[in-house]
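Chain IDs A, B, C and D follow the sequence of writing; residue 1 opens each chain.
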Amino acid sequence: MEDISITFLRDSEIDGEILIEGLPGVGQVGKLVADHLIDELDAEKIAEVHSIFFPPQVVIDGDGVAHLAKNEFYRYHDGTRGIIFLVGDFQSNSPEGHYLLSDAYLNAVEQMGVTRIYTLGGYGVGHMLDSIRVLGSVNNIDLKESVEELGVNFPEESDGGGIIGASGLLLGLSAQRGMEGICLMGETSGYLVDPLSASVVLEILCKLIGVDVSSAKLHERAGEMEPLVNHIRKMESAPTDEELSYIG
Amino acid sequence: MEDISITFLRDSEIDGEILIEGLPGVGQVGKLVADHLIDELDAEKIAEVHSIFFPPQVVIDGDGVAHLAKNEFYRYHDGTRGIIFLVGDFQSNSPEGHYLLSDAYLNAVEQMGVTRIYTLGGYGVGHMLDSIRVLGSVNNIDLKESVEELGVNFPEESDGGGIIGASGLLLGLSAQRGMEGICLMGETSGYLVDPLSASVVLEILCKLIGVDVSSAKLHERAGEMEPLVNHIRKMESAPTDEELSYIG
Amino acid sequence: MEDISITFLRDSEIDGEILIEGLPGVGQVGKLVADHLIDELDAEKIAEVHSIFFPPQVVIDGDGVAHLAKNEFYRYHDGTRGIIFLVGDFQSNSPEGHYLLSDAYLNAVEQMGVTRIYTLGGYGVGHMLDSIRVLGSVNNIDLKESVEELGVNFPEESDGGGIIGASGLLLGLSAQRGMEGICLMGETSGYLVDPLSASVVLEILCKLIGVDVSSAKLHERAGEMEPLVNHIRKMESAPTDEELSYIG
Amino acid sequence: MEDISITFLRDSEIDGEILIEGLPGVGQVGKLVADHLIDELDAEKIAEVHSIFFPPQVVIDGDGVAHLAKNEFYRYHDGTRGIIFLVGDFQSNSPEGHYLLSDAYLNAVEQMGVTRIYTLGGYGVGHMLDSIRVLGSVNNIDLKESVEELGVNFPEESDGGGIIGASGLLLGLSAQRGMEGICLMGETSGYLVDPLSASVVLEILCKLIGVDVSSAKLHERAGEMEPLVNHIRKMESAPTDEELSYIG
């Protein structure tokens, strides 16, 4: 078997200008945004990715049918241009696999004509948030202004800050191919799946790609999680034992 | 040396319709079922598998003779068709090795003519059980009804449940080759080797493959373990210190 | 660079009948025996092994000179036949590397004409010993009697006992090449480098290969360690707190 | 993609006699020295190294632009000869990668004509230091005297001392190519980035390569860290609870 195989589900040529990546990560923010867009736009599944670098397992679907661990490409065409989505439940098992998978993804989308890549993720801050900022990075300084204008914050890290996994590598490796890359990360506690953070990222992304979709379902899901979120907030704001001893 | 080598022990062509996999796993349930069938049917050893993906060791047999870590294929022919067994003491050391070994197993049995695969395992529940259910999965929805009719439960997992290792991968990878795959998992505590769970899986499997073997030896072994099982049950049902403090 | 390279230090053909392996392991027993034999027989270094599977480091010698991690082959010729030694400070970093290194060692010695392999090690028992047994294993049942006659014990393990690393793999992999393999393991606490256990293994090995060397230096080194050994013995025989509470 | 790629930033042939390696390590001593020399000498960046053996991530620069994990070669020419620098934020993820990266670095600089290599690092001692020694190692005994004359100490380790990672492997692997290699390690606590230790290593290195640069900036940075260093010293010299109980 090949280390990585991408199986296309139709014969006709696939063209696309834009790739949107939303693989699993902190708060599942990127995954929530990409899955939501695929649902709302009714994007078509065009390919499956299997790899020895994924965990060695099958996943069971709602019918009890087992499917090999995989990632998937979807495509939506708005009449003018194609938008490709890269989604799934897995990232690589190994550092080397991360590189080789990202490279294989880029080989596939470069052939489709993709010239711009959006990678999506969460940025864990370690506490509950009152307002959610979207942090960004680009693989080319010329892209920064247009993203900054939409209110995205660019962390100025002098020393060593980084983006790990596919969201980072797709940015770095695509630059070597002359592709433009933008990463959007929604701030999130890191404790929970975070549809609220996803909705904020979605809003920015929609402006950047000129697509209009409702974020109602993400807000709905965020609403369902509110009791849990409030519970954690209360625990955070309670004084710790040590603080109490000063009071006492 | 090759990464994986399968050495056949006879020259003549080997044909088989069915593969039954019982490699080590939770409660050794799959291994117990497959080893028991090989014993009862007096199946013939036909091949040995060696691999750099197995642990780097030899095992010592009852005579003090060292043998390289290996898995084995056995075969039983009932006059009409061949049944191939895949058994042994080892699974892969690495995620990549799991894929490559499962692929090599499928290469071998596809050449024999195998079109259906049964993978066997245990399903750990974390407590002692009063009655043992058999859980199932298939790699093709058309297989489900015939398995369900025998009382096998199909977990409907909406999110991420999976089967790890050879039992899962053989199902997933064989689907890509057009082979039918059925996984049977006996519920088990996960604390002990579980011949009782194995006997329940055996019963279902025998109906599925139309073979009649006694499960007496598995029940015998389960009987020998009863004192230990009862001891654990007592510990489970004893109130914990915390519960006692409420009583006290 | 090659994954594994064996560099011979002289051009002339090297012949040998016997390989003695003494790489690092429990109590350094195997290493002590092989290094001692090389010293006493004044064996000649004939080759160095380098590999990406060794730890990524250099070792510093007494002059402050750095040398790449390596294993070494030595050779002693007694007029009739050559004895090859495999020694060094390293085993593989990875399971796969263990297999590939052992295979490379066998390629080298098979070309020299080696037909019998002795692998040496320690067998950790977890407590200080009053008398030291030598445990053995063979890769061919026909070899057992001659080894047993010298007082070597063959553990009869019905289920899963094994020998890990080069000492095990050389036995298992050489059987596939038709070579004879004998493993000798000196019982040892596993807490300390154990020259006494090495001296007992040496005695058996010398009888097996028909070589006569003094074990004085091993006993000398064991003598130097006696105060430490006695200290640990005292700690072992002291009643534990729990035992004391019964007495009290 | 290639496992390791070295991309040169100019077409003309690059020549150099000396390689100075300063990759990350204990106290960042080697990195501080090499980065400082590049700054002071205004060395030119000549190549970038990317590899699947680096961590799978991008780093974000001060502008918010993402760059693939990489190491870099710089070059300074003093009119007579070229000095090549190997610097960056990463070492390999895996033992095998350490070997393969070091081998690739040597391939590159051997083609430039490099015949001597200086590898730089820190030597962690586990406590704060009043005076800092420079420890050295060489890959050829003939190099020792000239280094010792400058006050460098050569540890005489009889048993197993080593240098791990690129600083060690470049020494060991370059010897096989007939290159001269010298490793300089500044003693350092191991707790902190240590510009003071770097300044001491710098002084020795400058004498060895006949280059004159100021260490003012390293001393400045060391000065900024003094309050933190003094705080740790106080904690070290405070009696521990156990010692206090004897006094009490």
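Simple rule for what comes next: a contact is a pair of C-beta atoms (placed from the backbone, for glycine too) under 8 Å apart; a residue touches a chain by one contact, two chains touch by 3 or more.
In this text the structure is predicted, and so the values were computed from the model without any measurement.
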Message: Return the chains shared as contacts by subunit A and subunit B, ordered by label.
response: none
Query: Roughly how big is the turn, in degrees to the nearest 5, that lines up subunit A with subunit D by CA atoms?
result: 90
- request: For the copies subunit B and subunit C, give the interface type as same if over half of its residue numbers appear on both sides, and as different if under half do.
  value: different
Field: Centroid distance [mean C-alpha coordinates] between subunit D and subunit C, Å
entry: 37
Chain centre separation (subunit A, subunit C; CA means) in Å: 53
Numbers and ranges of subunit D residues touching at least 2 other chains: none
Message: According to the definition already given, which pairs of chains are in contact?
response: A-B, A-D, B-C, C-D
Query: How about subunit C: which of its residues touch subunit B in the complex?
result: 92, 95-96, 98-100, 102-103, 136-141, 144, 154-158, 160-165, 168-169, 171-173, 175-176, 181, 183
Message: Under the stated contact criterion, what part of subunit B meets subunit C in this complex?
response: 1, 3, 50, 52-69, 89, 93-94
